[in-house]
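After this come two complexes, each holding subunit A, first together with subunit B and then together with subunit C.
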Partner chain A sequence: MTEIKNAHFTTLQGAYDTELMEATLRIRRWDPDTQRARFDTFTVTVPVTASVLDALDAIKDTRDGTLAYRKSCRMAVCGSCGMRIDGGAALACKTPMKKFVDAGHTITVSPMGNLPVIKDLVVDMAPFWEKIRAVKPYLDTKDEEVPDTEWRVSPEHHEMIHKESLCILCGCCVSECNSMESDPDFLGPAALAKAYRFVGDARDTDTRERLRDLNGAHGIWDCTRCYFCNQRCPKGVDPRDAIAKLGAESFKEGFVRDEGARHAKVFVDSTYKGGYLRETELVPKTIGPVNAVKDIPFALQLARAGKVPNPLSPHKAKDNDEVKRLWKLLEKEAKGAERPRAMHPDAVREG
Partner chain B sequence: MQERYAYYPGCLASLSQKELDSSTRAIAQKLDIELVEMPSVTCCGAGDIHEAKPDYYLHISARILGQAEQMGCETILTICNVCTLNLRQANKALQEDAALLNRINDNLKEVGAATYQGGVDIRHLLWEVSEGNGYEAFKGIAVKSLEGLKVAPFYGCQILRPSKILGFENPDAPQSLERLISACGAEPIDYPAKVKCCGFPIVLAREDVALGELVQPLEQAVEAGADVIVTPCPLCHLSLDAWQRKAADYAGKEFGIPILHLAQLLGAAAGIEESELKFKRHVTRLSPEVKAKLQVPSVIGTEA
Partner chain C sequence: MIRHDVIVLGAGCAGMRAAIEAKRRGVDVAVISKLHPTRSHSGAAEGGINAALGNATEDSSDSHAFDTIKGSDYLGDQDAIEVFAQEAPNDIYELEHMGAIFTRAADGKLAQRPFGAAGAPRTVYSADITGHVLIHVLYEQLVKHEVKVYEEFFATQVVVDEGRCAGVIAWDTQKGGLHAIEANHVILATGGVGRMYYGTTNAFACTGDGMSLAWRAGVPLKDMEFLQFHPTTLKSNGVLITEGCRGEGGYLRNKDGDRFMVGDAPNAMELASRDVVSRAEWKEIADGRGVDGCVLLDLTHLGWKKIKTRLPGSRELAIDYAGVDPVETPIPVRPGAHYMMGGVDCDLWGETMVPGLWAAGEVACVSIHGANRLGGNSLMETIVFGRRAGQAAAERVLEQGDTGARIEPGVLADEDRRIAGILNNDQGERPGLLREELAKTMYDKAGVYRTEAALGECQEKVHELRERAKTLKLDDHGSVFNTDLTNALELISLLECADCLVTSALARKESRGAHSRLDHTERDDETWLKHTLNWCDDGEVRLDYRPVTITKHQPLARSY
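== the complex of A and B ==
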């Protein structure tokens, strides 16, 4: 009978057939009973192939059974073991220990950010799930009858939401979201990537309602483009890019009233009209003339330092008519385009 | 570092942040770099056009890149994080998708604009002078030691992340600004928020959210004892400098920390005059002590 091998069990037995190494980890502990944080440092013997998760398992099995962390699949699929490794959120199971050992570096392991800590490395994911639920993370085909057979999506249509479909809901993108640190109610990168996964789905018919909801307070225009989410995502979802796609879909559907959308429109119009950004139009057109008037004392501070360009003679690039023609050409092209739609199976059957 | 670049200062350095443009030109002259003007370019879109009209964004980017190509320049020199990311992001998309590039070139041809063959690279000034021959060349012109000046580097986001598009250095532990601060004879100050966001992209649309972000680097740099903050991005500069008053009101405390453009710090060490560096164009003024430190005329050691 094959013996069931457990990494540290066999490590303890000295029965591992692979080379071993000594790994040192500094771990942030949080005791919910005393409400106190402390750092513990452990050195454990692990195989050279060990991940950070394997090292944590070795610590829990051989050094301190009270160490709390989440894990399940150990292969970067379940999304349970998100934690900060040297301050950056990552999956412990997907992070090899060897590079740190080779560098003689003691890693610091701490819980993910932007979520309350329950114990040690375990965070409360409730606010995370609440936001995922808020974007209606399921297909809505409204009046369309639920078909008896599969509702097929062409490879081309799937490609549009492929990256967003890869999300494993681990929370690494949320951990370092700079906007969320400042506005905890911001829907954030995970929920917005999920939102695009359905906005971009060629079967979903709830597009306009979804986009309307995403264009309000704490929605897509809260994103400060810090790109931590793209940097941290262990699956290549690139949530910031998904947020940009939601912006583009909002423009297509005419949702252009949010201050964020109005801000974006000034950039588009500036290139079309002259080349460079018309900075003096940015403030009144984004926040409205009334709020702009309230901001006059601030504008005067900037003007005193010479930071307000003359609005009467805006920048005009050479040959900018090319851009104007380009804009018209693309708008004409876009007008004819229809929203991608996967045919209902019944319609396919009926030919 | 190369001898010749297509120079893309971008909107801010051309309009409200002119001190960055004049400092950069002065530094380039000292380094003997030729900056070739690009008179027909538009804004890079700053992420806003990418978000609103992605196809148009790719077209205007291809037009900018195509102009550099037609000028016979292999590399566009940028002095703004946002220009760097937006042009590099578009460049990557165009270089990796021949069908896309073909379609865009057909459209560019139709409107009489320069087409793009895919052969241009985009590099930020920071990257060009913080390593290799550019770094050696800078050390050669850094004749004035800024000894005693404590400088907090603020990288901003879009020169670090996403690293698959930028990729110059480790986005979590960058060292290029520190290297240059040391080369100026000044002392780099470390603080965690140096790689975080200044809030600028949403400072108009979501002022409170942005100020909550902006407070972090200001607070931490001051607490760490910095005399000034230096940044490679004119948007971060505008946020840290011009919005500092609002951040102070938001946080209920004074910061009073002057913000330098990277080219101004380098310029001060290279002995460039105030008439080019234009510190007076800052909203948060230099204190007399900092001014004195930036103008100390002692010579750096013999290593250069």
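== the complex of A and C ==
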């Protein structure tokens, strides 16, 4: 054992040395007893390395013990402390205070959106978990004989669901989802990313049934593609990309009847034919001719407001052959990408 | 009155694995957790989970067992370690079949990486988010098996009726109110107690609740002086940087750039056992060869690609909480309180001395880890012993039926008065400030190195804090989501566990594993090759001892 020289050896000198700063936060409070909201502003002394969560802790420990928020890991993996910081959802533990302090900016902290508030920054996550449960969130290998050892999955196939596997179910994407704001029954970005985690899993054999369900009401085609979920996700899951992958898988399985799927297909067909989107075909082909006729008064209103393009203009690309070549190239590539399949170890041995 | 066959307290890896096993065996099981299951701290485990699959090189359960025994500094019970090492591989395959997303080797098998003090690359992993992957796959199975979960319920008492487990009393955090939830079988799976230390890798939720519940219910806590310090934690908030960083080839350097591990572990170097590395770091820092109270974890030579593919999570943590990108700059790290080797005394199936009360995972002390745990063994313990506890409790229900143990109305009324007393009090000190005082006391006086004098002062302080914590000032007297109340309850658990730790540490006059006494620097097998038991004697700690189970391996000197 090395000889010990320092007399204060049980204690590390400078263990708590840290530079401090004053942080100011404006917090939206919600009192569950009176059902009333108010804003409180606090200034607390915290280390320069403090996160927004550390600042909330300083308030709770020294100023106001009634402040309610969720927390646990403080390292961006448990997903407890999702809240709105200056109006956008983020993990409080992953948001450093210093940049705001340096800018002389008082941040406003409020609960996540699209979920009912219980108290202060705590929201009721029950609707969130309901959506997760709705996508059958577990591996289904159906009647496949379970091997004695592990399923064989190539590193490339494993990589296909890497981003979705990073999801910590914090709800930041759901908080900012535009579709959920208008349709609370929309499955939403978190549940759909979870769904792709199984659709893309080489071991799962329930793909067709999963895609059929996801093509139903409030499913993948209800996403408005606003990309707020990608923007607000603290873990780089990119839920909108997962939804796009589910759409592509749905087409491969022949699920093309949903309005949303038909809408997407018009884009594809129209660009193939003319290199441009023909807006006049979009509505009838998406919602059907009968419904389109019903919508004629609305179309006329739009036309009067100058919102309808001239239906008689040719609207065709100059060199459409090049568009077609590109299109065929993409099609070939998509066909080459077979669905990944896990191998039974016995099959590997026989092969 | 709510009633189930089996209640699992805690919903981390051990708790969920236990619940799934009990449910599969056809009994009525419910999980009670103060957090939503996926918020549990198992999810923060990074590096991996050990099983002798032999996918990377030849390996055997015997070798896994021997490494674990040696790592435990011979304090681990060898019968338990043998069961553990033998059952680990099948449990890994089962996790894989459930859907766990483990990193794959080129042949499609599970990849295995080297970890500290292991004789072969034995650690199955998922990049550096292994715990995250496991917590989510187990939650998926919980949903699949439709296990009832009482989410955000805080257990305040384990009720024992005529010597048998009768269930728990729990506070509904979301709505307020105490509930008696009866069950003949309660499996404690509440995790660790790292929050009693200032520098800790543990989540805020790791407050030793289950240890304290068992202790008060008359079950001894075992080997509580053995608290592992992880060698690579960040100064700012204690966040852990995985041992996988060293497994992938990272170096530890002092301020002069020297790889100082050459002094204490010339062969294993950075991959020596965690207690050895933590002590070496502490010495460098205390002797003035550190940088701002830290040493440097250098990954720069690994290159961008390896860091990005194998250690992306660690890179993100270093950038977020230390302000350095490890691709370019070494990460300042220091030892931080990480894992409680000790815990609720139980047998190989997890059962305690109170029939019907079981324990699994970090809350338990089977004992697998003895005086020092090897990296990658804790996740494996949660799965092997979580499954075993779930299986054994379910079998007992099916064999025995109702034991007749009940929670009498008077017991609930008494607990209601106790909780109301805490809830309504507005005199005294705030729980948060007392917690910080405790945490600094423990880090300064019962840390990596210990002495009679420092431990004595520590004990005195802990006793004083326990006294002061009898009247805690709460601002919040409401019933809905009152975290002022749960903070106070957690502080009481922390203080009781701290008392057990410091009392055991003061008594153990030797150095073994994570317990390093500067005034007793050698391991003393003649006197101290035995487990410490902490009994609750009317709220005071009473010590007792029990022999270690040795099967094949007589204690040897431990060097790396």
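Following the convention adopted for this analysis, the second predicted complex is superposed on the first by the 304 of 351 C-alpha atoms of A that agree within 3 Å, B and C clash if a C-alpha of one lies under 4 Å from a C-alpha of the other, contacts with A are read in each partner's own complex, and residues count from 1 in each chain.
Keep in mind that, in the parts below, a residue touches a chain if its C-beta (ideal position, glycine included) is under 8 Å from a C-beta of that chain, and two chains touch if they have at least 3 such contacts.
These figures come from a predicted structure and were not determined experimentally.
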{"item": "Which superposed partner A:A305 touches (first subunit B, second subunit C, both, neither)", "value": "first"}
{"item": "Which of subunit B and subunit C A:A134 touches, first, second, both or neither", "value": "neither"}
{"item": "First, second, both or neither for A:G88, with subunit B first and subunit C second", "value": "first"}
{"item": "Which superposed partner A:D61 touches (first subunit B, second subunit C, both, neither)", "value": "second"}
{"item": "First (subunit B), second (subunit C), both or neither touched by A:G275", "value": "first"}
{"item": "First (subunit B), second (subunit C), both or neither touched by A:M21", "value": "neither"}
{"item": "Which of subunit B and subunit C A:N320 touches, first, second, both or neither", "value": "first"}
{"item": "Intersection of subunit A interface sets (partners subunit B, subunit C)", "value": "none"}
{"item": "In the complex with subunit A, residue positions of subunit B that touch it", "value": "10-12, 14-18, 39-43, 45-56, 59-60, 63, 85, 107-108, 110-113, 157-158, 160-163, 171-172, 192, 196-197, 199, 201-202, 204-206, 208-213, 238, 242, 245-246, 280-283"}
{"item": "Complex interface listing, subunit A residues touching subunit B", "value": "86-88, 178-179, 181-183, 186, 221-228, 230-231, 238, 240, 243-245, 247-248, 251, 258-268, 270-271, 275-277, 279, 282-283, 286-287, 298, 301-302, 304-309, 315, 317-320, 322-323, 325-327, 329-330, 334"}
{"item": "Touch list for subunit C against partner subunit A, complex", "value": "35-36, 38-41, 43-44, 53, 92-93, 96-99, 101-110, 126, 129, 131-133, 136-137, 140-141, 143-144, 174, 198-199, 203-205, 236-237, 239-240, 263-264, 280, 282-283, 285-288, 292-293, 316-317, 320-321, 323, 334, 430-433, 436, 440, 443-445, 447, 449-451, 454, 473-476, 478, 480-484, 487, 518, 521"}
{"item": "Interfacial residue positions of subunit A with respect to subunit C in the complex", "value": "1-2, 4-6, 8-18, 32-33, 47, 49, 51, 54, 57, 60-62, 64-66, 68-80, 94, 96, 118-120, 122, 125, 129, 132-133, 137-139, 141, 146-155, 158, 161-162, 165-169, 198, 201, 203-204, 343, 348"}
